[in-house]
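Alright, structures below, take your time with them.
First subunit A sits with subunit B, and in the next complex the same chain sits with subunit C.
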Partner chain A sequence: MPDTTEAPRPMTRPAPQPAAQAPASASRPVRFRGGGFVAEPRRWAALLAFVIAIAAWEASGRLRLVSPLFLPPPSAILLALQGLVADGSLARNLAASLMRIGVGWTLGTAAGVLVGFAMGIWSIARAIGLPAVSALFPIPKIALLPLFILWLGIGEASKFATIGLGVFFPTVIATYSAVDGVPRNLIRMGQSFNMPWLDVLRKVVLPGAMPGILAGFRISASIALILVVSAEMIGADYGIGAFVLNAGNLMLTDQLLAGVLVLSLLGLAIGTALSLLEKTLLKWR
Partner chain B sequence: MNPRTRQFYGALGVGRRAVLALALGLGALSALPAPASAQGEKVTVAVLPLSSSAPIFIAHKRGYFSQEGLNAELRSFSAAQQVPVAVTSGDADFGITGLTAGFYNLAAKGTVKIVAAQSREEPGYQLSAYLATKAAYDAGFTTPAQFKGKRVATTTAGSTFHYMFGLLAEKYGFSTKDIQMVPLQDVPKMVAAFKGGQVEGMIAPVTVARQLEAEGSARILGWVGDVTPWQLGALFTSPETIRTRRATVEKFVRAYQRGAADYNNAFNVKDTTGQPGKGPGYDELLAIIAEATKQKPELVAVSLPFIDPQGRLLVDDVVRQTKFWQAEGQVDKALDPLSTVDLSFVNGHLLTQK
Partner chain C sequence: MELFVRGLSHRYGDLLVLDSIDLDVREGEILVVIGPSGCGKSTLLGILGGIVPHGGEAVRIAGEPPPGCLNPVSFVFQDFSLLPWRSVEDNVGLVLEHQRMPTGERRERVEDCLRRMGLLEFRKALPKQLSGGMRQRVGIARALATRPAILLLDEPLSALDAQTRDLLMEDFLDLWKRDRTTAVYVTHNLNEALRLADRVVVLTRRPGRIRDIVKVGLPREDRAGAAGQAFLAEVHDRLWELIKAEARIADREIVDA
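Let's look at the complex of A and B:
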């Protein structure tokens, strides 16, 4: 082994040849330059930027630089939020939306992972699935709402379908790409050792595809949050989406932003939960 | 980020762009054709392409605005809520549309003020229909009073449909809580829920009602104008415009009133047998409205609303609307109902009490 590494050295580094005359420079310590933009924790920076942005926002409202109708200051939004908590409507709206997101996302994701897996494994499924996904994914689900009403009514079923369909396609793409991206040599090795088909799937493909699938979950969870607003356009009395739509219709901008704040907090919570899931599921890395 | 994830994010970018394009499309508005003469002080009017804004279209086309020294530009919007928002944001100097709770919330913030009337529900005029599904009708749902306890389709809370159900409930001595209103955002989705039998009834614009009845999926139980007349829409501007450009508002209202007078001369006439007749300029005005609303003249002719010839408001009803929304918890209780109107631009507003 050392012989082979020794041989090409003069060929790859012809430049240092003249310098090699001076023996002192050969042992000169060189500062480590390969930082590679390593991310270091800078908690205070994010916090400070956040505090400054909020303070500037509040000040622009207080100083009447911006009309509170156009951009309600953070204090007004918190006040609106407090009102929602006080009369119990926040809990009722959250419960309704979480149920819809939970059921819709679970159904859409389960179906998406199954289809994506099938497409990653079987060529026939891939041949059918890829063009179908390309054709159906770009259809705006909102445009189909009237049809969903006819097919599924105005109850919870159409809301699950809106969220589920929206989540399904990105999950299919993420799962399919993840399965497709599992190193071939690992799969071939398992097959060469005559590993049972199911074991190859369970012990090689699934863990190998998991990072990609989980990244897909991150996207689809955010999509579910976005779609809960469109889902609740149809006959919803309660729900964060219904609340946001209603506040918009009534031009109550502080309540509108309070609802949006709840949605983004919900996104943050789901993101944190997914990070925890990633940590436990991807321990093997 | 590993290459696989990156590839995936790239794939999703398509979806995000599609969502963005859709959002832009929803917010888009189109400008109507410019007037023949583009002289004088520029005023922008936010309108919906509906017959109820006919006096604006007529005044625009017949040059009444330019005769007052105004260069009016009409900007067409797709939903009633957007019109007062356009006036609030300063994108339009005037707005004309149906009155919703959203409008009164903006009025409460002091950004819009009513100066004249648009269309109103009036006995004998078929503007909005009470509809029952065929199945509900066969099961005995045959009069508007029976809306109590029914499940109905509406657009949103705070819409004109919501208010019309409020008026109906008040008339027949029940409460809006006795009607289960299902919010569906827009009329096409209301129709979908109605046809699918998801609701038992709804209030629908005349064109939709006629079509559903012709298809056999709906029965018309009556007309809102006959049961509960009310001030459906109004012409409004911002208090700021009234303060700083009072003469402009006066000119604009004068031109608008001429349009309203023409409208009534042409359409609001009865022949000798008491049937609706054709007044002077009937065909010309019908063509103007058809062009502005992008509808066939025959369809426009059967769905013409009542518009007061002088733009006079049913002031009592504007007060009643404010109080209704306040009682429903949709509008700030601090809003003084009369602060939403400036009665000084039109003479002889219709009010029974001070």
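Let's look at the complex of A and C:
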């Protein structure tokens, strides 16, 4: 092959030429070396691992390798769950827990979003809020439950306060970071077109911060679940936490694990609901 | 409308970025501002448009805005600054939503701007679905929707590839011919400056001072031909001589982040 070619101006289309052969002796194929380090979906692997784990667990129970008193097999847990559904105790306990999570999470999250937003927008709120949040956030909120019981009584209010306070701080941090992270160029753009302050907030800052706020919801929902169980274990007649504690005290491990199963399903349901919310609100991503 | 700048200096903390700028932006002209990186071009534009805080009264605006003008000084941004959660038409309509005007008129204005920028068929698309050139078209359409008296363009083509830049420059000039909107256009690119400008302001490296103001002196329609290219080559050489030494020094300075 020549190194250079003159630009031809053919009157007719030239006949296609066979590709020139590289000299076999002096050349070698270029080896692909860019493999690996790529995540590929292997959905079947997760399902298979799950099925194997459950089967092994069931087998260990049936073969009496493990005492059912310490670890009842999955079938026994499902039977216990069926009984709890039939006698209405699951509904009664679940309703109590859901009510506490609902009220506590809503109050704490609403307050957290407002405070986080204020800290993201106003320098004075940020100057006051950041050190306060940094100082109070690390306190394990369940440690304050006895104080809340003293202040608010053993009833629902102290549990709402524990859950509310527990989700408040992560929501403040998530919202503040999300508002702070809204690109300044978008805000300047709005201002350069004379958009009123409230419009900039509503149409630029809020939607821009929404991914971060929703990510905060995911964290605060799991915190709410942990706190409701803890609070119910400390002082409640009903609720999944109280049920699990009572089952443990009576050594009803199948019922105890049925309660744990309900909690994990509850966590899964909350996560799915938040994913749907994200899909709806963040379609643009 | 016209802009007048008298004795404008600007500091970021202790850092002087603009020093004693005197400048007139005349009605109906395209004034291009060039200069080395970090010389304060974008800061100057931000001050002219009122989005960079400047305490003094060094910048003044004069004249009556044209009929239907809703924002006398409108920006076209280098990074497009489109809201990623809004469609093309909603991004353009955003700047009209807070204006008191009938919904029908608002819709017509948006549609007119989309048509002028060749965006009608992409009206429902999100910014992420568009190429860089199309995104900047949305940015220009948004600025035009307010029927500005003065357009401030901050390196509007610098994020685009060379071919898209040429295409967009042609489209911008076609649009500009209709309304002859006064424009201040900041760029690094001498070819953009020569293609678009009536006058080119050359800034020194930081602190930015006006090194010279060069009049291109050839009608835009004559710039494409061979004679025009020869003429522009001379202007190019002159501009390059003015900024070359400054740009070389600016390139070797440590950036104080």
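As a convention for this text, the second predicted complex is superposed on the first by the 239 of 285 C-alpha atoms of A that agree within 3 Å, B and C clash if a C-alpha of one lies under 4 Å from a C-alpha of the other, contacts with A are read in each partner's own complex, and residues count from 1 in each chain.
By our rule, a residue touches a chain if its C-beta (ideal position, glycine included) is under 8 Å from a C-beta of that chain, and two chains touch if they have at least 3 such contacts.
Small disclaimer: the values here were computed from a predicted structure and weren't measured.
Visitor: Looking only at contacts as defined up top, I'd like to know whether subunit B or subunit C touches more of subunit A.
Guide: B
Visitor: Look at A:Pro196 in the shared chain and tell me whether it touches subunit B only, subunit C only, both, or neither; answer first, second, both or neither.
Guide: second
Visitor: Is A:Ser89 in contact with subunit B, with subunit C, with both, or with neither (first, second, both, neither)?
Guide: Neither partner.
Visitor: Quick one: is A:Ser264 in contact with subunit B, with subunit C, with both, or with neither? Answer first, second, both or neither.
Guide: neither
Visitor: Return first, second, both or neither, reflecting whether A:Ser275 touches subunit B, subunit C, both chains, or no partner chain.
Guide: Touch status of A:Ser275: no partner.
Visitor: Contacts for A:Gly235 in the overlay, against subunit B (first) and subunit C (second): which applies, first, second, both or neither?
Guide: A:Gly235 contacts subunit B only, not subunit C.
Visitor: Return first, second, both or neither, reflecting whether A:Pro207 touches subunit B, subunit C, both chains, or no partner chain.
Guide: Only subunit C is touched by A:Pro207; subunit B is not.
Visitor: Please indicate which partner A:Ser60 is in contact with in the superposed arrangement: first for subunit B, second for subunit C, both, or neither.
Guide: The answer is neither, since A:Ser60 touches no partner chain.
Visitor: So, does A:Leu250 touch the first partner subunit B, the second partner subunit C, both, or neither?
Guide: In the superposed model, A:Leu250 contacts subunit B only, not subunit C.
Visitor: Quick one: is A:Leu186 in contact with subunit B, with subunit C, with both, or with neither? Answer first, second, both or neither.
Guide: The second partner, subunit C, only.
Visitor: Which subunit A residues come up in both lists, the one for subunit B and the one for subunit C?
Guide: none
Visitor: How about subunit A: which of its residues touch subunit B in the complex?
Guide: Residue positions touching the partner: 69-70, 137-138, 140, 142, 145-147, 149-150, 153-154, 169-170, 173-174, 177-178, 181, 211-212, 215-216, 219, 223, 226, 233-237, 242, 245-246, 248-252.
Visitor: Contact residues on subunit C for subunit A in the complex?
Guide: Touch residues, subunit C against subunit A: 49-51, 71, 73-75, 77, 79, 81, 83-86, 94-95, 97-98, 126, 128, 142, 146.
Visitor: Which residues of subunit B touch subunit A in the complex?
Guide: Interface residues on the subunit B side: 2-5, 7-9, 11-12, 14-15, 18-19, 22, 81, 84-85, 88-89, 100-102, 105-106, 109, 111, 156-159, 182-185, 188-189, 191-193, 195-196, 198-199, 330-331.
Visitor: For a test of understanding, state which residues of subunit A touch subunit C in their complex under the given definition.
Guide: 185-186, 188-196, 199, 203-204, 207-208, 282, 284-285
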